[in-house]
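Here the structure is laid out as structure tokens; the discussion comes afterwards.
All chains are identified by letter, namely A, B, C and D, in their written order; residue positions are counted from 1 within each chain.
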Amino acid sequence: MSERVLAQGFSALGRIPGVAFVLVALFAIFASMSPGFSTAPNLSNILVQSAILLLLALPMTFIIMTEGLDLSIGAVLTLASVVLASVAVSTGSLPLAFVAALAIGLAFGLLNGWIIAWLDIPPFVATLGTLGIAQGLCLVLTDGQSIVGMPPALHYIYSGYLLGIPFPLVIAAVAYVAMHGILYHTRLGTYVPALGGNREALRHAGVNDRLVLAVIYGIGGLMAGVAGLLLTSRMSAAHPTAAIGMEFDAIAAVAVGGTQFERGEGWLFGTLLGVITIGVLRNGLNLLEMPSSVQVVCVGLLVIVALFLDGMRKVQE
Amino acid sequence: MSQAEAVAPKFKITLSRDVIDVAYRLLAVALICIVLSLVSDAFLTTNNLLNVLRQASLVFFMASGLTLVILTGKIDLSIGATVGLSACVAATIIKSTGSPWIGGLAAICIGALVGLGNGLMVTKLRIPSFIATYGMLWVAQGATYYYMSGQSVYGFPPGFRALGSGYLLGIPIPIYLMVVFMLLGNFFTKRTTYGQQIYAIGANSVAGRLSGIPVNSRLNLVFILSGAMAGLASLIYLARLNSAEGDIGETLTLPTIAAVVIGGTSLFGGVGSLFGTFIGGLILTLILNGMNLLSLNANWQPLVTGLIVLLAVWLDMKTRSKTDSN
Amino acid sequence: MPPGNVHSIARMTNLATIAPVESDGGPAAPLLELRGISKTFPGVRALDNVSFPIWAGEIHMLCGENGAGKSSLMKVLCGAYVADEGELFNHGEKIEIKSTLDARKFGIAVIFQEFSLVPYLSVAQNIYLGREFQGKIPGTIDRQKIRSEARRVLAMIGSDIDIDAQVHSLGVAQQQIVEIAKALSQNARILVMDEPTSALSDTETEHLFGMMRRLKANGVAIVYISHRMAEVFLLGDRITILRDGKMVATVLPHETSPGDLVQKMVGRKVDAIHRRGANMKAGEVALDVRGLSAPSGIADINLQVRAGEIVGLCGLVGSGRTEVARAIFGADRITGGDVTFFGKKFTGGPDKATQMGVALIPESRKAQGLALIRSVGDNIVLAALDKLFPSRVFHPSKARHTAETMIKKLRISTPSPRRTVQVLSGGNQQKVVIGKWLTADARLFIFDEPTRGIDVGAKAEIFALMYDLVENGAAVLMISSELSEIVNVCDRAYVMREGRVAGELPRDRLTEENILQLGMHHE
Amino acid sequence: MKKAILLISILSVAGFTAGPVLADGETVAVFTKNQTNPFFESIRVGATKAAASVGVKVIQYVPIKPDSIPEQLSQVEDAIVKKPNALLFTPVDYKALVPAIEKVTAAGIPVTGLTDKLAGGQIVSFIGAEDYRLGLETAQSLLKAMGGKGNVVALEGVKGAISNTDRMKGFTDALKEFPNVKLVATQPANYQRLQALQVMENIMQTHAQIDGVFAANDAMATGVVEAMSAANRKAFIVGINGSQEAIDLIKGGKMHATGSSDPFMQGCLGMLTTVRALRKMPVKKELMVTPVIIDSVNYKQYDVPVATRSCPKIDDVATN
């Protein structure tokens, strides 16, 4: 076991330059330039804010490792949130609402999986389609209005604490550990890089590759549902365009984290770093009171720089 | 040997695969038109059809450049932001100099520059186009915001605005432009060695490179063209709306991609055509037009678009799998 | 039923009587018996009533041209295809193989030619892919067991590959070994191998053969597909020949001869590669390489090829032959040295090389040689676009005409230049690649394993083409792992070892022994 | 090496835009919906001017994705960490931002509402314009101009945005006063130019006779103007916001009127009220900028660029 861990550790070290380098650099800059930055409340602030994105980025890592993509995940999140809200309002029962939200998320995830695995439609297009469908449903269900009147209890999911730890962090941590376990300690996880790297091999090994693929997209949808839960609680409301476009943030986080779009090369911890880096960047720029326009440019630069550093690493190898 | 008989039955289909793709789409257009003309007598009028074409032209200009990129198997997510940036810069220049020519040139140059940036990131820094152009999207958008600082620029010389809203022999000028560029584009893709090489790169870039195609410079070329076309689109936009704001580009990218995909261009590259893209854009425009004519709730629009995307691609898979089998 | 078949069945019956009695002395029922297996695809009858037994403890050679049905037969055996007609018998009782799982149940394991490995999983994970051991916690996998088992299996082949290394970091040969380990790990009773040695160095090949003999002794049946006559006769207990999906015959090695075998395979008289008459008129220096070094792992390469010459470049797999070819062609970055084509110094990439009249026929046709989804015609004119259309305006009619003449000239069997390349046979695909360069008027051809995975008939044609080329004053540099080819085809050869040129063998000293002598590692 | 260069480039980006260090005296954080709509720019200018006049430091918070709820939520949380003396707050969504504002008040930071009224949470004061009255009066001016008869088309803004809801309510009520005017079509164009243009082009196909168009903001109104003039058709067109662009169109006789809620003034008053509250001066619970209908008659007095306008004195505000 030990040398295995070591081996993993080394490969991890090998990966670090790209994203972690940027993260450290940003941290140094902001800490030195803004007194408010490196305070405990602000840092926990950053982490809490990153929780929702992480929930999307983790399954996105799996999906990208299968040489796939899920553009619908942001819209599905929104739809889950809308469903949650309307069920909560109409029935007044939160548990029911949660189940409904997770169910709709899972359903869309599996729908993606089915379209991609069985209809053989390329993921980009398939999820572009379901993106439209989910977004449309949000608008139709709400007629553009945001839904309010949530039971107050909902509020605590985002603002509550467990043993002094903000609840979103607890959820995010659990999600990370779970996904890590799946990826590195289960059959399903073993098949993720196989789907991206050599699908034939999987078939010859007698694995039902389509089913595995569908399950992976299903997980994506489910996590979107959980994220929807957090977002709804954060707003005590649901809004039909609340998380539109978040899928791209998630994909960017994964890419920044060093996961490749080809051959099933991926790294879950990198994704965590990627998410935090984006959070740190936005928060730091805010504290530095930069004009919003400059913040926009910086997000773009972050993506490019991180990927470029990764590229350099590849060239050196 | 069995090769021959293996080949014979499928031969005809192979011959006309592109034709089939386009035929399917023309059929779809026809169907939509029939339905719309049945439910709304306002639909099948010269005015409305011209109006639809004019609206489709804007999509086409953006989508045509993007089609080239996608034919090489890459993607350009920055297209909307590029339109926004070049529109805003062009607008201010036209206002300050009063010369549409300088402004127009600027728009196209800026588009081309952004495209070049994308190209270099993909070819030199080896960043996947999806991410590189996503980064560029933010950079361009930020630049636009910074440049406009929340203001809007408006009121251009009539001569320039004719480009978007003018008529010639009763037909809107954008339609002429669209036709011209479609012919140019089809010539470029089907009747020049560049076009052949672009398709080849999309089909197998490694083989392309080892066959002496300067792959990187061709990739740069398509990204530049894509950007320049975005610049051109921004001019049409300005001429039509007679005003520019920072948020122009935001909502344009995904519909543009949808248009290309509905048009039958494969995201794997190597398969597709500009004419298909035109039809793709046309279908999207028809949907919007129909919804307005019937004053249907616009909320359904994304849903319908999504379904059409899936349907179109699914049909392609069906027809193509026939020809590509074994 | 075709006469060939009657003949073969007759032969089979008497074979059965002389068939080896199973090692455990049990009843002499074949381990696996195929009866009348047929498989049809739209337009093709891939397998047509194929019947033969596979006995425990025999190495059963399967020969036939590409497209003869060998791979279809393999796919039927491993459950990837389900036969339309026919029956399978295991120890005399009827069985059905509908899935890879079924196949595994009956102890059938297949080693495919194109690797079924996952680049970003470890060697151990690859060996047990799809057969992971349950961990203590339900739902998890026991990574320790996987590793220890993998180590055990690799030890069996006498390989010391790091089980934790990710497969993408391994060389081709090592990957082939992992592939074999994967099959062995299934304790297969029937092992099906498709050209397993095509990527192996001779030492590794020796290891493999030794292992096969051990398995055979343990009563494992091995079905072995090969295009290499030497192997067929060296290892084969019995030889079954397929042609156009039909079974031609099952013969014993001592009853037949290479020529006879080839004739059965191609169905017409083909003279196997005969040694080419010495070349008298070596012309100007077409290729001159001086001190070439590249990060890809080659250093201080010096070699020359003259017009009218076929020069071999050989050495063990991994000795850097392909790397040299790529570096010369400008496909890889180089760190030192000069490359000169026809007296002009060369710098730049493949595009420049192409313009200077150099052609590279790469190792892997599908991945590097062809735009598979494009048509035969498109591929043929691909490298010549600038030459054919200097104005950059593309004339489909002219392109089509050019393609058609090339198709005729090379006798590429396709009904039309519009046909997509991916449906052609390996040999025809290779011809398309060559046609591409003929169209581009290349004068220096670098062939990298030109005959890999190509059947005997096509091989002969490819070499005939090469001879034409040099007759007409072109220069050829040929990389091959099949020493017989080098010896018979080349005027002289350079032998590589560990990324350097170990030596040059002039025609009179060009023998397999000398090549091995130079190419071997001297520990 | 290259890495180093890149790092430096990040540093420099960070460098040249790093804001000035905190000044003494109060700091007010101003939240607006986006950086693309001139309306909010006017608000920001007004607020900044007012702040300067009373020596208060301003921090602008604008979502980097226009109208993004999660962004604004995060920015509020960041602001809480930054602890400004007060917030001048325009919510991206008047319902979804309530919990965030509750957090702010919980952190002991007073909040002044601006432009869109939050559905909940406690605020020191609200400064804005009654969108209902805006809609009503603008519509009335339109319908009068139409002579109380003919066909009218309405373009809605973003469904669910409170401003849109109220403005449309005002419009429908005004419509009741003119029974002879027929509403031939209502379509959303999400406050966007291009959509308004295309929607209008399509509507014109079905309706040969359109006498008036009510657009819920100026951006859409201008889109309508383009569509109409391109088709050589005339109609009375009204919008809302009193943007410079609309005023110029009115000057050129292409537009009939625009209902102005004077964003610049909203910015001024918002800031000044906030400061008054901070300085324990009396403030009104609610301060409504009286809507003005800018048309060909009175446009001159409003035809001055925002930058050159000036805010009222801080002492005049309460009685304003």
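Simple rule for what comes next: a residue touches a chain if its C-beta (ideal position, glycine included) is under 8 Å from a C-beta of that chain, and two chains touch if they have at least 3 such contacts.
Given the structure is predicted, the values throughout are model-derived calculations rather than measurements.
Common neighbours of chain C and chain D under the contact definition above: A, B.
Farthest from chain D, judged by the mean position of CA atoms in each chain, is C.
Of the two chain pairs examined here, A-C and A-B, it is A-B that is joined by more C-beta pairs in contact. The geometric centre of chain B is 44 Å away from that of chain C, both derived from CA atoms. Inter-chain centre distance (chain A to chain B, centres taken as mean C-alpha positions): 30 Å. Distance from the chain A centre to the chain D centre is 34 Å, each centre being the mean of its Cα atoms. Across the assembly, chain D contributes 35, 64, 159, 188 as residues in contact with two or more other chains.
Of all residues in chain C, none touches 2 or more other chains. For chain A, residues that reach two or more other chains under the stated contact definition are 139, 143-144, 291-299, 301, 308.
Taken as a graph of touching chains, this assembly has some other topology, since it is neither a line, a ring, a star nor fully connected.
Touching pairs of chains, sorted by label, consist of A-B, A-C, A-D, B-C, B-D. Here chain B touches chain C in the complex through residues 1-11, 14-15, 190-197, 199-200, 203-204, 206-214, 270-271, 323-326, going by the rule given at the top.
Contact residues of chain B toward chain A in the complex are 75, 77, 121, 125-128, 130-132, 134-146, 149, 254, 257-258, 261, 266-268, 297, 299-307, 309-310, 313-314, 317, 321.
Put simply, chain A touches chain C in their complex at residues 1, 3-4, 7, 11, 181, 185-187, 190, 193-194, 196-198, 200-207, 263-266. Residues 34-38, 40-41, 44, 64, 66, 159, 185-188, 192-194, 197-199, 201-203, 205-206, 219, 222-223, 226, 229-230, 243, 245, 248 of chain D are the ones that touch chain B when the two sit in their complex.
Within the complex, the chain A residues that touch chain B are 69, 115, 119-122, 124-126, 128-137, 139-140, 143-144, 248, 251-252, 255, 261, 291-304, 307-308, 311, 314-315.
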